[in-house]
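Across the two complexes that follow, subunit A remains constant while its partner is subunit B and subsequently subunit C.
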Partner chain A sequence: MRDMSKIVKITALVVLAPLITFGLYIIAHGHLTPGGGFQGGVIIASCFALLFIAFGKQSKHMLNKELLSVAESLALFGFVFLALLGLRKSFLNNFLANSGAMFGASVPFGTKEAYINTAGTIPLMNILIGLEVSCALTIIMLLMLNEKVSKHAGK
Partner chain B sequence: MSLLQHSVALLIAFPLAFAFLTAITEKLSAKVKNIVVPVGMLSVVCTAFLTSVDVFANGTKVYTMGAELPSITMPAKLAIPIRIVFIVDAFSAFMLLLSSIVATAAFLYSASFIREAQAKYYSLLFLMLAGMFGLACTADLFNLFVFLEVLSISSAALIAFFVDFKASEASYKYLIVSSLASLMVLLAVGILYAQYDMLNIAALAKVLRFSFVDIIALALLVSALAMKAGSVPMHFWVPDAYSRAPAAITATLVVASQSCLYALFRVSFSLFGAFPLIHIIAYAIILLGILSMFIGVTMALPQKDIKRLMAYHAISQTGYMLLGVGIGLLVGNTANIYALKAMEGGIFHIINHALYKGLLFLTAGAIIYSTGKRNLDELSGLARRMPATTIFFITGAAAIAGLPPTNGFASKLLIYESSYIFNPLFSIIAMIVSILTLVSFVKVFCSAFLGPELKALSNVKEVPKPMLFAMGMLSFFIIIFGLFPDIVLNTIVEPAAMALLNQKAYIGALG
Partner chain C sequence: MKAAKIIFVIIFAYFLIACALLLRPFGSPTETTMDEYFIKNAQIETASNNVVASIVFDYRGLDTLGEATVLFAAVSGVILLFRGGVPK
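The block that comes next holds the complex of A and B.
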């Protein structure tokens, strides 16, 4: 894959930061607005897609595939672990909600602005899913970038 | 509070946790990974085994995810269950038992079959187990779809584990068929959810009105799940996928197909059991069964590739289960003793098939492992070089043909006798298919194990001990089930058949 002109490269780098911020925003507000971990993760992964398109083969060395893979597995394991922590009551129990701890505030009654510090384990799980999805999709794109045509193809 | 109370949740949590843990430890250190994988497999299999024993001893277990107490299925002030509920009745426990036995054998076999112990392989195997256990336990239709997807995607990756062109092709074919089936299931779930605003199978069964669109949903579910189970008009993925996957995975894939068969029976008995026109579905299932039996075995006869031949037999054997359980669905009440016996035959055949077909695929894998050849024309005289494998092969072949001291005889006899009452033609076809199966396996036995020794095969050795142990374990169960069929029937098969027939008990389990 060839890289693109300098203008495209610089533009890609300029829009990268706002795009990733938007992805993080979607993940963090998953329990309040439409969207969530998966959608935000896809947005973050699409930023890297932009990078790969602009920089072509140069971008291969920008990201470490092994690191992404470990992060992905860690996020998934974290999800199951978080679900297991609820076992005092039942699997996947939302033990943080209304507890006063992190994300543990109660939702006040009535139509007001959204409170991000609510919903217990749900935002945490959204963050983990966001990490997982962004890493997994980036790995898939990295693999496609490196792909050589198989020797067996067409046999 | 004992962990046994949460065992249903741990059934899903353990395989998932160990799948991801294996992937993490692979990057950190090989030594840790070599500990994590066996520990994980042991805990997963033990959880499944203990859960099924608990269910057979103490009755149906209900588990609500995320509730204040696992037994609270309905949230306060609401009439419908909005949380994910797992209902593990005797039929689910039966599937858990069966998957845990075959998974143990597959794991032992992989220990030396997959030469460099690869973390990816075991991760995917754990995910496959999560999918199978989830399918067997869940009482939530959308969850059923999710576990079907987990199972399909991990299986597809494992089929192409030894990357070559044919394996990739088989895996791609499997993936296409699976996605089609999953989409059909999703559409059916959507149709039901749009009308009744709920997804719980037990709660839905109570309020189903059997409107025209419900019947469409039923047709979609039955055809999609029959496709995934490898029944005849949609069987084309089976020979490719079964013959190209690593042998231990093929044995697990057989159980995966049977999990889909489980879902088919669960939907037609527990969800649509009260449907007044259910006999049409029953006839369709019986017809699929007869076709699968006959076409599967006739396609198997001319095959030369040893695993492909066995894959066609797997299609044919699925037909027996569809026939037996289809007759049970046709009559649909426990008062008719023959219907119950036919159901028992069909369900007993599920576990028997998983055992002997698993064993046969493992012996085929052993032959390919030792000789590197899979074409029957290039094999000869292996009985001298691989005596243990030969004995295991004879056990498996006798069981699949339904010869007396093995488990295949017990379940096939039940199916012959009970289906004779409904239509003598059914049992005649079933017997002819059995004879053809015997013919086909005599052919394999003669060409691969008997005959003169070939020069090309003079340094063939017996396979390593873990592989022999895995095959021995399955042979042991085959012989035990064949010698004491009444004990197995009374303790696990009859409760499973009753659980399917008694739709009210399933609905009542929700509380």
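The block that comes next holds the complex of A and C.
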């Protein structure tokens, strides 16, 4: 895959930081506004798609495939671990909500101001799912751009 | 053979039109117990202002776990397919 001109590369690098920040914002405010882990993760993965298109073969050494794979696995493991922590009542029980601890402030019924320190385990799960989705889609793009199909595939 | 096809299309169209006529009017579902429970209690029970997020990550968290696992399995398949040649 050929790389593009210097103008495109610099523009991609300039646009990259605001786009990743927007993705992180969507993930962090998943329990207050429309959006969440999946959507924010896809936005971050699309930022890396922009990077791959602009830089072509040079982008091969920008991201570590093994590190992304480990981060994805750890995020999914963390999700299951967080779900298992609520087992005193049930699997996936929201044990942090209304508890007063981290993310534990309670919310009155109706349309009021939204505080980020609410919703219990939901923001933590949003962060983990966002990490998992962004790493997964980035790995898929990285492999499909740079690697060859195995000779032994399908045997 | 052609007559059989035409008859099949007519029967299929009959059932489609019958289903379309039997649809309930928009905004009046048969069972509303679940929706009313979520609208009344989701905000207080999960302390989340976004009821959709509270359903996706709390009430139906198992569904989200399944989606994440599907994505993980897809990545595993892609890594397996693009693993390159076998080292000698």
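Assume the second predicted complex is superposed on the first by the 144 of 155 C-alpha atoms of A that agree within 3 Å, B and C clash if a C-alpha of one lies under 4 Å from a C-alpha of the other, contacts with A are read in each partner's own complex, and residues count from 1 in each chain.
In this section, contacts are C-beta pairs under 8 Å (C-beta built on N, C-alpha and C of every residue); 3 or more make two chains touch, one makes a residue touch a chain.
The shown structure was predicted, so the numbers you read here are calculated from the model rather than taken from an experiment.
Peer 1: Looking at A:K89 after the superposition, I want to know if it touches subunit B, subunit C, both of them or none. Which is it: first, second, both, neither?
Peer 2: Touch status of A:K89: first partner only.
Peer 1: Touch test for A:A119: subunit B only (first), subunit C only (second), both, or neither?
Peer 2: After superposition on chain A, A:A119 lies in contact with subunit C alone.
Peer 1: If we overlay the two complexes on their shared chain A, which of subunit B and subunit C does A:G30 touch? Say first, second, both or neither.
Peer 2: In the superposition, A:G30 touches subunit C alone.
Peer 1: Check whether A:E66 is in contact with subunit B, with subunit C, with both or with neither, and answer first, second, both or neither.
Peer 2: Once the two structures are laid over each other on A, A:E66 reaches subunit B alone.
Peer 1: On the superposed three-chain arrangement, identify whether subunit B or subunit C touches more subunit A residues.
Peer 2: C
Peer 1: Looking at A:F77, would you say it contacts subunit B, subunit C, both, or neither? Reply first, second, both or neither.
Peer 2: After superposition on chain A, A:F77 lies in contact with subunit B alone.
Peer 1: A:G56 contacts which: subunit B (first), subunit C (second), both, neither?
Peer 2: A:G56: touches no partner chain.
Peer 1: Do any residues of subunit A touch both subunit B and subunit C, and if so, which are they?
Peer 2: Looking at subunit A, the two contact sets intersect at 69, 72-73, 76, 80, 83, 91-92, 94, 150, 152-153.
Peer 1: Which of the residues in subunit B come into contact with subunit A in the complex?
Peer 2: Where subunit B meets subunit A, its residues are 1, 6, 9-10, 12-13, 16-17, 20-21, 23-24, 27, 63-70, 164-165.
Peer 1: Any idea which subunit A residues touch subunit C in the complex?
Peer 2: The touching residues are 30-34, 36, 38, 69, 72-73, 76, 79-80, 83, 91-92, 94, 97-98, 104-110, 112, 114, 118-122, 125-126, 129, 132-133, 136, 139-140, 143-144, 147-153.
Peer 1: Using the touch definition up top, name the residues of subunit C that touch subunit A in the complex.
Peer 2: 40, 43-50, 52-54, 56-58, 61-62, 64-65, 67-69, 71-72, 74-75, 78-86
Peer 1: Could you please specify the touching residues of subunit A with respect to subunit B in the complex?
Peer 2: 66, 69-70, 72-74, 76-77, 80-81, 83-84, 86-94, 150, 152-153, 155
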